[in-house]
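Both complexes below contain chain A, partnered by chain B and then by chain C.
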Partner chain A sequence: MLVWSRSGRLIIWVIFALIFGVLFLAPLAVILLSSLADQWNGVLPNGLTTEHYADVAKGAAWNAVKASLVTGFAASALALVSGTWAALSLRLQGPALKRLLGPLFFIPSAVPSVSVGLGLLVAFSHPPLLLNGTIAIVMIAHFVLISAFTFGNVSAGLARLSPDFEQVASSLGARPAYRLWHVTLPLLAPYLVAAFGLSFALSMGELGATVMVYPPGWVTLPVSIFSLTDRGDIFAGAALTMILVAATLVLLLGLERITARATGS
Partner chain B sequence: MSAAAFTGSEVTDIDAAKVRGAGSNVHFDKVVVAYGAHVVLHPLTLDIAPGEILAMIGPSGSGKTTALRAVAGFVRPRSGRIRIGATDVTDLPPYERGLGMVVQNYALFPHMRVEDNVAFGLRAQGADKALIGERVKDALATVGMATFARRYPRELSGGQQQRVAIARALAVRPRVLLLDEPLSALDAQIRRNMVEEIARLHRSLPGLTILYVTHDQTEALTLADKIAIMRDGRVCSHGPTTELYRRPPNRFTAEFLGRANLLPVTVAEAAGPKGFATARHGDAVLTSAGRDEKAGDKSLLCIRPQHLSLTADSEHTNRIVGTLREVHWQGELTHLVLDVDGTPVRVSATKLPMALPEPGTKVPLFFAPADTSLLPEDAGV
Partner chain C sequence: MSEALAIGAPTARKREPGRLRIVPPAALLALLFFYPLALIVRQAFLDDSGVANVPEIVRVLHSRFFLNALINTVTISVTATAGCLIVGLLLALILAFVPFPGSGFIARLIDTFIALPTFLVTLAFTFLYGSAGMLNSGLMEAFSLPLPPVDFLYSTWGVVLAEVTVYTPFILRPLLAAISLVDRGQIEAASVLGARPFRIVRQVILPAAVPALVAGGSLCLLLTVNEFGIVLFIGAKGVITLPLLIYGKAIQESAYQVACIIAVVNIALSLGLFGLYRFAAGRLGV
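Let's look at the complex of A and B:
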């Protein structure tokens, strides 16, 4: 315990509550209130209604939810496979190659998402790689943007994994593929689930690259929210945002339960 | 053949042959291991006979774990060959070497139950279900863990986890069992019990060849048929355990194995037909078991702390005098440190005179010629 006195702990809690409340809860609370506001002219809404939810439900909201979920799942799954593969492969390389390649995997996370979108648009607009206007280019954009986080998470898990597990497995006669499937991956499960969860959350909120490359008929939630707010329909945008938050939250809570089961905690 | 299993709440008689591996010899032939320019194992040539327990002991960085890992296949020798039985395993991957391995932190797979941990090697090798069930049952019975089969490793104590790790290694019927500091993570009491249990296990599985790496000399002395003492990547001595303890060939072995006192002496008379030589230390004339020393040779007289006595009797005929410096009481043992002409001499005594002398007083020490040995002064290795 860093702070021993009762009054000291109370002060720390108040500071924490203020920071958490102002920076984190207040914006969310405003969005929540906006999604339920009949009209909003003063400090608080004039009245509450669920009409905006009904409106977005009648519109293209569910298509947007579906597009976001499918894109998030596909891109995260792809990022999980490739990030795990990259982390496992890099672990076997010498220190010089590790130092060189390790940071390279993180470059996509340092590039603005709009630039990634633009790059993909230019790269995939001519045969033989003509993906412009397809759903695949949206998936690729999301994959590029989130893969670094997957790689980072899995690499961190591998660094914490004692080599004894795999070596004992080998000495008992387990060939590399059997060892990977029955020992390495199960031991990495909490990191894989966390990596997937983070990738999925990032994908669900991705706008910059998606807005550059999305085809008609594959409008994700952030793009829909952006369109609504851009047209001045703040309340509908807020309702759609809450749907996005709820969908992401449900999935992340589910993943957390899976992790808890896997680790036995 | 029936053998008593590990002690514990569920001692079981089992057919020892069921879990016994077909013990093989291990042969290191001029094995060199190096990382870049740094040589961690200098040419090592060593044999472990079938059914033998060889303990490799030495300080940290002495190369003992590297030697074990070379047998396991996790370290590739720069040169030299390793044979297990008739098979040259130097270029074989670890999973084709037919070994069992137990490591310091147990490395039980946390996502598997005890029975699945023990079955792991057999499943990996594609054994059929009935055989796996039988072997798992036998291996767990051998280590007295049959009733814990459905538990997860996290539900077991450290000692229990180590038993499961041993059962897992035994279940594949290894040609050689590699134990890499297997008891280091256990507390002192459990470690003592486990040493006795491993000794009992080996008595019930006499065909099992074991390479046991440890830095703990008590484990090595209790378990090993032979000991190899490692220092700076080289074997500095190798031989039967009792022989190495009673007649250490060099200073490092004498000091590392049992913290012997080494008294500088000059050989007065070479060893006669009974094997005893006479040596001088200052004014004292001492009789010691000798080797091939000649009169006039500078030598070191090796005497263990527990073989020194404060009282004379018919056996303890050698006498030296030292100045008492320190007294450390440790319950069942009392350790004394004396200064004998500038050489610190340790005494471990279970019985002491009622009135212990004060530090600073002169104290005579007695010891029997049969408890001593001479080793060359320049054999410091």
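Let's look at the complex of A and C:
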């Protein structure tokens, strides 16, 4: 529309293809290729193999996938409950308190993840709150980091919700708890699922706080990818990264389908 | 008197439990986030016996490792954000105004990068631009060079390029939303009146995109200052940023107090940028 001549448009599309190819397509393609590479001495791999996948499947991969999924699920579920709770009850506050409290729930997303981990180490390394070295501290770190995103998503959903349904429910005599369970939450459901999916994906890729607090027996996917590549085993690292990407995408697509079916769109 | 109370009381009693419902999630966040944050500040300023520890703070803030990390962090963040803004604007303009078959799918594909772990890009860059990577192997074979000619990956430029890839989608999304609101009739009118595409971009589209650029840019500054995975995975000795320094001091050297002092600086920087982002996004109406 902006460029009318055919040649001008072609030049612009070539520029776009170059930027997109170099910045976005090449990294994804090369990770996939290297996870399947037999040996790689020249420009392209000498051959293809699924050996790296077999290796990581024999090694730490299964435990890492389990640690990441369990941590992601627990942290996202807690963040969903607390974020929804916070967003719903913030609506009942006066405007001054709302302006004060709202940003406080967003601040965890602004603080560097390493510092969140450091804070947890400093705070919970002594009795009575001795959590250092437990699985719980990893989940808490993930919860803190993703809580702002769930809160933000649910708040955005609430803001778009038409108040009519709730008012009608009230005027028909629905009690607050009944109204919440049968009117507000079902209307919010697409946003809740989206919030859960986003926070799960963020948790799956979290590295900064995890690397500060993880106990020896609970190595998540990103941490175990780092220790593989740090040891120089970059092909196995690439294979494990592909597993992480696949797990994340399957999860997001699955949740998207659930939402689409639920809302009938 | 009693009547006034009778009228006033039910509303007060009705509102009280509703207002208190904010307490559980707020208390959870206070215990798990704000309390540890306060302890970082405490540990940074006081030593074990609870006395203010000024000499140690001065020593850390004047140390070469801290100043280097601070300069690296700011340089990388500003350069990467500038890169994200340029690439994001270019991609958004093409996607919105010179669309091609499948451009919607491409926009969604770029969007999924938001959900992927940041270190993926660094790992990929090792295979692409590392000393034994595809680019160097290709150039060495083609021109029979004895040494790998491309050597930017293990410098600040490697980090900057990786961060541009990772954070451009964060700019692209609000930008596409903002420029899709530009009146097409205005562009066509300008075009019929003989304005060249560059002038249309500068005088019609850019003014509409400025709020989104400011909001996206300040979000990028914040995210790049806080970035950890990319820098850790590149693992270059010369490229240490504040988050990486905190990790090194706390985990590798067990120097918790030094780590806390640096963390206070890093957190203050991040919160400042967060304020800037909220201000910019607030004006944008996000």
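As a convention for this text, the second predicted complex is superposed on the first by the 244 of 265 C-alpha atoms of A that agree within 3 Å, B and C clash if a C-alpha of one lies under 4 Å from a C-alpha of the other, contacts with A are read in each partner's own complex, and residues count from 1 in each chain.
Here is the rule we go by: a residue touches a chain if its C-beta (ideal position, glycine included) is under 8 Å from a C-beta of that chain, and two chains touch if they have at least 3 such contacts.
Small disclaimer: the values here were computed from a predicted structure and weren't measured.
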item: Clash or fit (per the criteria above) of chain B with chain C on chain A; value: fit
item: Superposed model, angle subtended at chain A by chain C and chain B (C-alpha, nearest 10 degrees); value: 90
item: Chain B versus chain C as contact partner of A:168, first or second or both or neither; value: first
item: Chain B versus chain C as contact partner of A:218, first or second or both or neither; value: neither
item: First (chain B), second (chain C), both or neither touched by A:196; value: neither
item: First (chain B), second (chain C), both or neither touched by A:204; value: second
item: Which superposed partner A:53 touches (first chain B, second chain C, both, neither); value: neither
item: Which of chain B and chain C A:182 touches, first, second, both or neither; value: first
item: Partner chain in contact with A:149 - chain B first, chain C second, else both or neither; value: neither
item: Comparison of chain B and chain C by chain A residues contacted; value: C
item: After fitting on chain A: smallest Cα gap, chain B-chain C, Å; value: 6
item: Chain A residues touching chain C - in the complex, by the definition given at the top; value: 1-4, 8-9, 12-13, 15-16, 19-20, 23-24, 26-28, 30-31, 33-34, 40-44, 82-83, 85-86, 88-90, 92-93, 101, 103-108, 110-116, 118-124, 140, 143-144, 147, 198, 201-202, 204-205, 207-208, 211-212, 222, 225-226, 229-230, 234, 237-238, 241, 244-245, 248-249, 252
item: Touching residues on chain A, where the partner in the complex is chain B; value: 162, 164-165, 167-175, 178-179, 182-183, 186-187, 189, 262, 264
item: Residues of chain B that touch chain A when the two form their complex; value: 72-74, 93-105, 107, 109-111, 120-121, 124-125, 152, 154, 165, 168-169, 172, 178
item: Chain C - residues contacting chain A, complex; value: 15, 18-19, 21-22, 24-26, 28-29, 32-33, 35-37, 39-40, 43, 87, 90-91, 93-95, 97-100, 106, 109-110, 112-113, 115-121, 123-128, 132, 134, 137-138, 141, 164-165, 168, 184, 187-188, 191, 197, 200-201, 222, 225-226, 228-229, 232-233, 235, 242-244, 246-247, 250-251, 256, 259-260, 263, 266-267, 270-271, 273-274, 277-278
